[in-house]
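As structure tokens, the structure follows; a few thoughts come after it.
Labels for the chains are A, B, C, D and E, by order of writing; each one numbers its residues from 1.
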């Protein structure tokens, strides 16, 4: 049942998950840290989660698994999140966006990865809520994405620990965008592979694959294209939640996004060019096949006709009685064939 | 008779319906409510309609069926609507737009649905007039569209009942846009179906269907594309008729519209790609057919010629008398055929 | 002699007509009216034209036929029109535009109509000069275009009579744009007709016609596209010549123009899609023709070869003497044919 | 040696001509005029040129031939021109632009004309320097371009003589743009000619010509497209060098440029459409050729096979002895042929 | 190992080189100059580099070779460069950009050159850091690029020596952009060569080459396109690091960039047009091959059938006994052939 069918007729702001259940049980990872101390919790029961919204520590909560909309609502109300935002968190078909609220910023990203058989690109929706001293992160299934960040956080006294919630949110976005490059490079590799195959004349069944690649490239466009505007909005925003000193990092994210968009555009054009190349090569091959057929037919069909004429059983065919007639006819045939060959040579078919 | 022919020569602002009569009788549904009370009326005679423009209650009137332009004029004058607006309400070929007047906002939407045979997308024009304490809604034929809203309104003491006319107008627009997703998903399903068929080599008569899908996708573009600007205008407007607190809902509508436009664009590109794929596959098949023809012809036409030569009836053909000549000729033919096969293998035709 | 050749080397602002003479004699129609009185004159001699520039009445002069540049100059100087404007009035190849002068607004429109054989769209340049209390209208040939307006003006005491020169100019533009819809609908009808023909497999000579339609659609684009900007400029202008209350009418014109542009764009895309459809269908048909040829050839050419072999006249061909050999060969041939048919069935050619 | 090779490694601002020498000797034409007096000089030696920069007269100097970079430098320093401007004057591969300096405006235009064989469009760079009381004009070779302006200047007491240096610069630009129309019309004529040829089925060698026309149309795009922005900049500039009263003339230039750009765009689209038309027609013709081949082959190949069977020399072929067998076989063949024809008629191939 | 794989999981701002080591040893060239004095050093060991940041001399340091990220970090910290900038310097896959910091401007360019076999365009990333009195320049491998600048700097008392660090940075960018023209011209030459080959009918293997050229043209687009915005930003910036008097030089750079972008766009369109031309020509040739095949087949297949009929061995075939039958049949065959030829002539196939 698709999201639109589920939602039809419900009031806006109804918090409801309509994606497929992608994990067995929901995993809640909470990290509370300041410059000196850090405490980590891993829970599967939301009721045991501590809220530190009012302290000066920074709390980072990652919720992996969205099938329990009740739980999302509960966490949302603890952190004071608007119902429309919760609705968007659970609408996993949403396009990337950023919304600025007075107390928090809501950032919706897509994480991209190739599926195991490399036939399709899977999208996972990741919602980041950046408050003054908390970062909430809702993932659909992959809780390993931010593992490296957790490790870096554990280093006591690091600049990271002192950089605030906005810097933490930035690192989360940075990790997601770094993963785009991996997908992008796989597309590039496939493209090179198909290109080489076509140029070397090996076209067998390659068209469907190129079409699939085109579709993959197209499908990620919609996830990445809005980031350009999105990150630019964050960078230019005057929200007090992002410190001026950290704007430079969002500028860096912006550069990376533009770079990815550039590549996607190049791949799109190359894919079109490759299909054209394939079509042309295909036309050329048809042409060559035709030429062989035409040359052979054009030479032998008239000769066969001549042979046919002297195979007729008419009683009165004076040539048949002539002693050298057979040789003459053979000679005539040879001459005809040679003339044809000269004609084809003239036409540059040989 | 088309609208342009009907209107030609008439003064602008002439209130006249030129669409086809789509319902038997006009249905007028009026709901008057405030936080605590609600009263509903269903009429077919406009003269019996109560007007509550001056009270603090909110009045929501839905008129289904537009063939009686007199009635539209009468309702219009009761609510103080400009004649050009009434003209637009009846011009069912109009494109979506929003016009801000001092006392009301005029919003023109299109409702989309597939026809029963799923061969075309039907458009129904829906005009929403949002005043300080009234919402007028003119539909062409489908009065069930807003049924769920009516049900939610009946819940006494709900936030909805207290949210004002602007929130009501928003829910109407939300319902219409939610219906777009259903159409969009049907297009997506068809696309997937055709794609799979082409990739599995089943092309029979698929081209006309893809063309029709392309046409359907194109036809809804014009109904949806203007919404982007339209909703953005509403959101950014400083009209007193839309409360600041409700801006967030229109922002949500805007997001949904962008999402739909994104999808339409992807479908457009996929349709083009699918047609290209079909063309390429078609070219490939022609090529393969050609190859079979060429291989068979190129092998047997020369052999037939040789047979023809020895079928000639010349009196003096010394070979014919040679004892092993028949076997030699058969051997020659076999050798020729083998050579040809080797040649084709070299050309990678086999 | 084209306009550019005529103008080359002349000073800018030289008032000169270089179009073809399209009417036999110039027709001048003058209407002078206020709320209560109206007087109409039809002249062929400009010297007899009354000028009422200084009175409070509104004067509407329509000049049909532009081949007498002297006369245009004379009228122009009577109403105080700049020479560059007069040059533009006579340069019938000009693109639509609006120029704001302190005493008048110059609006250049194109009227569109299909020619009698419906093979081309004819453009007629219409120049409208809107002053404080006059409207000048220069047409190339068709003086019946504004007949309905003249009739509506004759209704004494109507709102129209009291609405000023700017409203009159608006109605002129409205009539011209209403005529666009007629052309647009004819294009739509042709498109549907060609589409149906192609889908039903009737392609005979349709390509040239689609090309002509494409050309027609393209040719009107340039006449209509600039209107979007043009009317928007009028609407947003702060020229005192257009009353604030009438802005709403120009907004209405703007909506109509957008609607027409939307349609032209859809037709353009559909035309491209139809040509693609035609190409694909054509390729499919070639493919089918090829298949029939290949199947017949591939079955019979080898069989004919076998027959040829046993038609050879060698003295020593032991098979020929065998009693059941003929039946064996016929059987062999039948078997071969059946095998081929099975092969083609496998290839899905049958 | 191309410009980039010549310039590589030289300091920016190095005044150096790298085009081909296009005239034998440099021609300097100086006109000095005010309302009442006019004096003309034609020189080939720059040292004899009078400078009137400080007087109130207007001096118009046209330099035809740019191969002497020394001379250009000398004139430049006399009029106080920046070295980067002089570099641009001699870089004849530059794109059109306008640069505003405090004492002068530098305008770089391209003059277009078809070469004699009408196979290519030649571009000539024309640099116009507009000062308070001087206009410098650097041409590559054609000194006849501005002949008509010189003649109009000679008319004593004309408005032209009193209109200042900015009006003179305008007339120069106007002449160049008027010449564009001639090129544009030649492209239009060619387009019509090729179109008619293709529609009437005469395709011989037309493709290369259309390609060349496409290339020509493309090549002028780059010379004309920037004018839109360029002239608009001049019109909107607040440089004291262009009198407010003359802005209307630059507005007129702007209109002409837009008109030309519109036409180029239409031609581009038509060229694409014509090539598509040609391709389709070509595909149709292939299809028809195929049909003839298929019909003939499909009818006669089976018949020939039957004839071949009864041409076999088996000793025991009972049919051969039957009296009416020959007629029966002929009848069978005729029936087969008729069946085939019916089949083709069904397929609409006949 | 690609950059994205190397970086994945590392903190942003980690200074790390992931390109291929392109030079054996790092080369550091330092030039310190003022109007009167100049001193040059060439080192391979960064620890021996003098820093003159605090003096009034201008220091220009060029580092060729980036594989030692330690060294880049050391230089960076000496000149006070942000870690994110150092990261970008080493990320040689970065797109061109400019970043304004309070103490320096960071400009990232790409230098382009054809590889030796002219089959691909090589990109080298060049980072320019412009401070108040220093210019840092990081190259990947080619230290000869700026040789000419070094030579011009050695001229004592030249304007160059007195023009400040911003002018030096400009000349570096100017040299890089001048090199673009060389690449651009090579593309143009190749394009002309392929075009001529196709028009003269020599298509052998040209398609792959055109595809490669298309790919090359596409690949440089991404390096050059951002420069438009980049240089415009520098020109419009109010950074105190670029003197107002030097803005004109950046304007000049901007013009050159636009010129290159124009050319790339034209080449892109020409490449598309050439491929279309090739396809059409290919289609035409197929058509011609088909015609020859069809004409020969259509004439001789029926004739061969007739010969076959009279080659049958029926006992009772009265015609065979007729004296003139043989001549009659030959005549019939000739007549048939002539009729066919007339038919083909009518069809314009001959």
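Note that in this section a contact is a pair of C-beta atoms (placed from the backbone, for glycine too) under 8 Å apart; a residue touches a chain by one contact, two chains touch by 3 or more.
Everything quoted here is computed from the prediction, not taken from an experiment.
Where touching is counted per the definition, subunit D and subunit E have no chain in common.
Taking shared numbers over all numbers used, the subunit B to subunit C interface scores under half, which places it in the different class. Spacing of subunit B relative to subunit D, judged by their CA centroids, is 41 angstrom. One finds 25 Å separating the Cα centroids of subunit C and subunit D. Those residues of subunit C in touch with two or more other chains are numbered 279, 283, 286, 290, 293, 297, 301, 304, 308, 311-313, 317. If touching chains are joined by edges, the resulting network of the protein chains shown is one closed cycle, each chain touching exactly two neighbours. Listing the residues of subunit E that touch subunit D in their complex gives 148, 152, 160, 170-171, 174-175, 178-179, 181-182, 184-185, 199, 248-249, 251-252, 255, 258-259, 262, 266, 269-270, 273-274, 276-277, 279-281, 283-284, 286-287, 290-291, 293-294, 297-298, 301-302, 304-305, 308-309, 311-317, 347-349.
Of all the residues in subunit B, the ones that touch subunit C in their complex are 2-5, 7-12, 82, 84, 88, 93-95, 97, 99, 201, 203, 207-208, 211, 214-215, 218-219, 221-222, 275, 278-279, 282-283, 285-286, 288-290, 292-293, 296-297, 300-301, 303-304, 307-308, 310-313, 317, 319-321, 323-326, 329-330, 333.
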